[in-house]
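Lettered A, B, C and D in written order, each chain numbered from 1.
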Amino acid sequence: MYNLAELSSADKMKEECGVFGIFSKSEKKDLSLLTYFGLYALQHRGQESAGIAVCDEVDVAVHKGMGLVSEAFKSEDLQKLTGNISIGHVRYSTTGSSLITNAQPLVARYLGGPIALAHNGNLVNTDKLRSELEQKGTVFLTTIDSEVIINLIAQQVDKATLEDGVIECMSKIEGAYALVIMTRDKLIGVRDPHGIRPLCLGQMSDGSYVLSSETCGLDVVGAKLVRDVAPGEVVVINKDGYKVISTVSPRRASCVFEYIYFARPDSTIDGINVHLARQRMGEVLAKEYPVEADIVVPVPDSGISAAMGFSHATGIPYENGLMKNRYVGRTFIQPKQELREFAVKLKLNPIREVVEGKRVVLIDDSIVRGTTSGKIVNLLREAGAKEVHMYITSPPIAHPCFYGIDTSIRKELIASDHTVEEIRQYIQADSLCYLSNEGLLKAVGLEENQLCLACFNNSYPVKASESVGVDKYILEARREKSE
Amino acid sequence: MYNLAELSSADKMKEECGVFGIFSKSEKKDLSLLTYFGLYALQHRGQESAGIAVCDEVDVAVHKGMGLVSEAFKSEDLQKLTGNISIGHVRYSTTGSSLITNAQPLVARYLGGPIALAHNGNLVNTDKLRSELEQKGTVFLTTIDSEVIINLIAQQVDKATLEDGVIECMSKIEGAYALVIMTRDKLIGVRDPHGIRPLCLGQMSDGSYVLSSETCGLDVVGAKLVRDVAPGEVVVINKDGYKVISTVSPRRASCVFEYIYFARPDSTIDGINVHLARQRMGEVLAKEYPVEADIVVPVPDSGISAAMGFSHATGIPYENGLMKNRYVGRTFIQPKQELREFAVKLKLNPIREVVEGKRVVLIDDSIVRGTTSGKIVNLLREAGAKEVHMYITSPPIAHPCFYGIDTSIRKELIASDHTVEEIRQYIQADSLCYLSNEGLLKAVGLEENQLCLACFNNSYPVKASESVGVDKYILEARREKSE
Amino acid sequence: MYNLAELSSADKMKEECGVFGIFSKSEKKDLSLLTYFGLYALQHRGQESAGIAVCDEVDVAVHKGMGLVSEAFKSEDLQKLTGNISIGHVRYSTTGSSLITNAQPLVARYLGGPIALAHNGNLVNTDKLRSELEQKGTVFLTTIDSEVIINLIAQQVDKATLEDGVIECMSKIEGAYALVIMTRDKLIGVRDPHGIRPLCLGQMSDGSYVLSSETCGLDVVGAKLVRDVAPGEVVVINKDGYKVISTVSPRRASCVFEYIYFARPDSTIDGINVHLARQRMGEVLAKEYPVEADIVVPVPDSGISAAMGFSHATGIPYENGLMKNRYVGRTFIQPKQELREFAVKLKLNPIREVVEGKRVVLIDDSIVRGTTSGKIVNLLREAGAKEVHMYITSPPIAHPCFYGIDTSIRKELIASDHTVEEIRQYIQADSLCYLSNEGLLKAVGLEENQLCLACFNNSYPVKASESVGVDKYILEARREKSE
Amino acid sequence: MYNLAELSSADKMKEECGVFGIFSKSEKKDLSLLTYFGLYALQHRGQESAGIAVCDEVDVAVHKGMGLVSEAFKSEDLQKLTGNISIGHVRYSTTGSSLITNAQPLVARYLGGPIALAHNGNLVNTDKLRSELEQKGTVFLTTIDSEVIINLIAQQVDKATLEDGVIECMSKIEGAYALVIMTRDKLIGVRDPHGIRPLCLGQMSDGSYVLSSETCGLDVVGAKLVRDVAPGEVVVINKDGYKVISTVSPRRASCVFEYIYFARPDSTIDGINVHLARQRMGEVLAKEYPVEADIVVPVPDSGISAAMGFSHATGIPYENGLMKNRYVGRTFIQPKQELREFAVKLKLNPIREVVEGKRVVLIDDSIVRGTTSGKIVNLLREAGAKEVHMYITSPPIAHPCFYGIDTSIRKELIASDHTVEEIRQYIQADSLCYLSNEGLLKAVGLEENQLCLACFNNSYPVKASESVGVDKYILEARREKSE
């Protein structure tokens, strides 16, 4: 079996996680089911494992499973999870570390009682922190950052409050982190000082507070957005309500790929609706690279919003030229080499009647390795397209990400050592146009110093240590297989 | 667990099957994998069970499983299925009869040797035929029409050729049937005299012939369309090539819902591309009911093509106002009554930034019970839409289908006993416009006497016996549970 | 994975089936659960698949599954099976034909209504009967004898009663068959004219009648034995009670291996308790071959009863010299060649403290291929046994069985072309003693003309056609894989 | 579903674990498969979960699963576990704590590198140790003792060697523990100072060393016993061989129930063969309570060895009066109350022909709650036994165990508040005879001060804190459900 979804999205960056949490005002709320709904809405942020932990005044209970939320949980699993606080997590992971042991939320017990934590993002000084803790005699049972974070919090148990410990911990950890943390009486949301990964706070009609990576997680449980958690903020929720503690934020550096590809179009992140931002990317792209063409065709689903914007801006009709098979799941039987050619057709099929004889503007969000882009261009040509102009709603990705995006592919970034013209030849498009840095900023509506654009411009808001990246996966791959 | 897909598509007609077949020219072809690909492309026609049978010169082997194609087959299942002819089947079925015993293809042995058959459609004189056979001492091990058909063919074993037996059988069976039949040396495709269900013939580059319910099944294996199988035709494929035998066709009566909803947009059925037909439905609808509005929003995915057409015709901008959750699968944990309201939001989430303050034309393909339509209208209003005008690309469905579409819901057809105005009030739309019969014909591009429009106009091309429909499901539900 | 049970019992004949049935007197009886209990008790007769069918006044429902009874049924499966008549079946089968399609009971519908049938045994004229039926246009969906039997009964639908049809069918079928047959209002038990396979009738305290292959099936549901079904008898149970119809029985020829190995020691078959019969085999064996030895050790579990009898007769102490691992199940991970030696030790471990320095009489029921016997002798020697005398409670098996015992091993019968001395050398025992034919008859307590001893003396009560045996499995293996 | 095995062995004490380990001399050894074999042989010590960890020079890999060894591991699981050191664990556990998170071996990383540990037994000062560690900031991810032990070892990382750390750890932990510990270059076996749980050292023909709870684990991999690990000993195995370090052993207090019930009869523990010890228990029992009877019948399987001894000593014939169903597995469908009576019959069926009219001496190893004993006595009476004399090969169990035996049943010990005569009446036996303390010592062949007899005489070798026992299970049950 192999992962067809991966096959045809090998040219995609991969988000590693989504987090969710609820602190219930009303006793009888079915919190684990609401968290299940929330994770369902955040499923696009991670499909390898899912977990939900709940807490009452006594203790924490947790259930985790591999696969989609719908696969990881059965009805009886949720029924066993009762309490008045709940957190959840969906995870994308490379094969090596895709283990139930490493699934989240991580549940632990320490002097302060039971604690559970879910983490979206990636620390860059984990190895150093882990070493320091090991020097003090700390034992680690997993290979995930979350265990380091919980240990750092546990070491601050003499602090007056849990949030004091969390803040002290924040002074030590570096990198990207959106955290939801739960104890017997508190739900805490934390966003790293650069605000690399998103996190927002909502409220349900009964007053219950909700934390979610994206607003689509609020919508699904009927919660209204209260505010985004700002970079460096700690939101502490208990039975009396919520309070926000601000810590130092050197500069905001939100991941721009949330707008380009990761987030759901119906989410609004830090005040900017994702669908509209993508539409503007299409509009700006249209202005940057005028083209004579008959139709604008998106690569579904990620190119749809931008293709509409492009169409609006140019008047070139928006058309469905590529049909996506909605039933392509995570597993698929591996075709022998000779049949491998069919694999892309299983996911995407051109509509000849739409594209035949046409000059096509094809809109996609990004190019990672370039192989899938080449196949799609070829599909359109075979279906009779006269010209195929590939328009990309981001600048070339030339540098790896250390903040929670799949880094195992960094050596395979085609733009790291090829010019745009070389890439165009590789994918055999008639033209290839990347959105400019400035165009991207304009479309998103933020300043350069508010975003992390490192994968485009090599300017990393947080320095990563040398050992970050591939090496840790080797360790994990070796360590434990799916139990 | 319950079926969320079903929940939010309860307002949809349901196709019952898709069929596929290949006769290989080259010895080494991996036929079972190609058939698996073909079924993958036809997955939208049936998600309850899938099966593949292969034949060599000696015998037939078969594997069937419940669920999606990807769930029903593992790599080793396909490896065990080797041969030079192969047929496959995907099935939608109501719960009661969703049994592995009733899954297809049906494999049998008779005097003529091994035979396998896959059937899309529904006979209307099964009970009579079954009774006649029972009078002769026939024993039935399943409750599906296919076993009746195989028995009728077996009774013609003294005919010179298999196709003679098939033609004799066709003189007895009434109703809708697109069949693929396989023996040791032949692959036969059959379409009923009215051509109610679609079937087409394609050819791969090595000369191998392919039969498929839709052209998307040809595309995925790289086959080119040779021709549609015409109503009443029998296509006989063997190692020497193929021949077509025409039988009497009283009048063509192809199911118009293939164009409205069932078929994949990238398929071309009887010469008409489905996506373009739907676009034209939107265009005609725009002309039939002029409206002042700010945006055109499709109910994804079935309303997308028509919404584009509507936008092209009116100049009202096409917009993504409803986000569909791509991870909503076939199973989902049942929320308690109080949380049931969230279920529709799990599948569809409005984008407030798009619809707020807007006059929305909402495009959908049909209304069955009206409950989901009402929920979607409500979702848009809650997201701030100023007006919601529901435009439907078909006339009101007021009569049940006896030819292979889920008939268990016939009593629940809201249009069977409500006026358009009553339905509008029920779904709380500002206006409700159904495409006219004439408009539909114009958009599809066929004459009234070429299509089956019975669900709209009560004019059935083949008379159904009284007992057809719900009764048989009671029998099946009782009979055998999933083994 | 491979079957360790099979591995270390490769020197065992294999029974192919067990059958069970209940006709309830009281409305509320939980028949499917009682049948489940009955099959549990008969599990030793077949571990490859299990099935239960129930009937009420309207129709039959069935559930079948692969594996042990405990694996094939979940609680909800039984709950769905309600009615006032029930039959069940457990099956052993060679890999090739171990398919859910071929699992029993077989459920069908014909002019007489619904019918279900479970069969223990093997017909020897199936091919001929099948051909004759095919000539009349009959279609077969399975490759099991039961479908032939149901068709033959269905052809007699003009007979006054079902039992008349069954009797007519009995005049055509040849071979071994213990059948339970169920319709809407009757439960019928049938034993072939030679009584090759066992069948008995019991009654529960509420008056409900029970049919079972062995009395242990009666015991587990609290039923008392009413009588054994005699060779050639048809027992018809309905709401008025039961009646027995006798048909011609040329001569009784009950399978002697039921007493030697197949049946459970706590069962009493045709008036003879199995445990006591085996004890007497040990006693007779002791008299036939006097030996000087220190301990008598059974090969567990089949040699236990006989070893006790041997000990009683000789005064040589009965000892547990071989420990059987109770957790060895049906699946086991295949060791590489170098570790294959360990496989037998996983199942049997000698107790050195018991056997060291001892002259051991090792008691087993039979030798098929001789490989396992050799390994066990070797195990004892390695554990320090001074002498190992292998005593077998049956004569040499030199001829295949055509009546329902695994025939695929007939070519591998070591006694078919080796003398006793050659076998002794092969298994490296100090002596090898087989119970004589006369001794066996004496121990069982029946005359030679009441038993089938064909595997010992080549005198078959029913002539088997040439094609019986291995050939049919080839067909089946090809035909359908586990769905 | 419920656990039939549990049902009919509810009158049994339950061992909680078995441990196994190998240090390979030859590079190519298939260690994970050998460990799998070892666990297979130790399966009787724990059936709820199984785990294997392997180590090479770099890191540790582990796989754990719920259920039997054969259920927890597939072939590919073992193939992924490669290395030259391996440890394994089987676990019995009450439902509440039967979680994959708590399954063993526990794998961790600390300053000393990777470490894995498997534990048989139960500490009595865990809560105190855990509290002390928490005071230092330690975080716990599981609720098992093993995590406390690993943390204590990790705190000694400044010690010269791992074994120094282990010895220091031993000075802190109290209770029962047989440990196997593995790092990159060492395999260590540890037995607590009282030697409560057994552990032995063996050697394979290639020089590889093996640790196992019982010798049957050595036998299955072809290893010869080198020596038992003595109370308080630490056995350190590395590439140069093994060395033994003795620590203070206040007094030996080996659990006598290993001889009475837990261990496999073919194992030899601390020089005493279990089967022979049980035979002697039967012999002594015969002398302590002379009886006039016709047959001696064991409750299979635990009473078999003793029944033989009883028969040898008295001359009363040993007989199989109770047939055990070998297919009764861990799960079974729950009968409604009215059918619950059948449950015991599913496991045990009396052979009427053996017991009818007889005075029966029934031999069992112990009585816990008395319910099953009563049912068995009743079974025999119903089968016609004239008298039933229940002989028990242990003194009355009146006190709970804190050293690794299922403690949740302590309140249900019938002997804790009933006289022997009261118990006799409860189980409705004609007489009830318990082996005396002295008789037990004589049969085992050890002095009172060498054994733990606390469950009989309330004299605990290690004082348990108040909180040990039921309370911790409440915590665990709450904490995490099976993932």
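Criterion: a residue touches a chain if its C-beta (ideal position, glycine included) is under 8 Å from a C-beta of that chain, and two chains touch if they have at least 3 such contacts.
Keep in mind the model is a prediction, meaning the values are calculated, not measured.
Centroid distances from chain A, each centroid being the mean of CA atoms, peak for C. The geometric centre of chain A is 48 Å away from that of chain D, both derived from CA atoms. Note on chain placement: the centre of chain A and the centre of chain C lie 59 Å apart, centres being C-alpha means.
Contact with two or more other chains is made by no residue of chain C. The set of touching chain pairs reads A-B, A-D, B-C, C-D, using the touch definition from the header.
By the touch rule above, chain C contacts chain D in their complex via residues 1, 30, 33-34, 36-37, 40-41, 43-44, 47, 68-70, 73-75, 78, 216, 219-222, 264-266, 268, 273, 275-276, 301, 304-305, 308, 312, 317-320, 323, 325-329, 331-336, 338-339, 341-342, 345-346, 349-354. In the complex of the two chains, the chain D residues touching chain A come out as 58-65, 77, 80-81, 100, 103, 106-111, 114, 134-143, 147, 150-151, 154-155, 157, 475, 478-481, 483.
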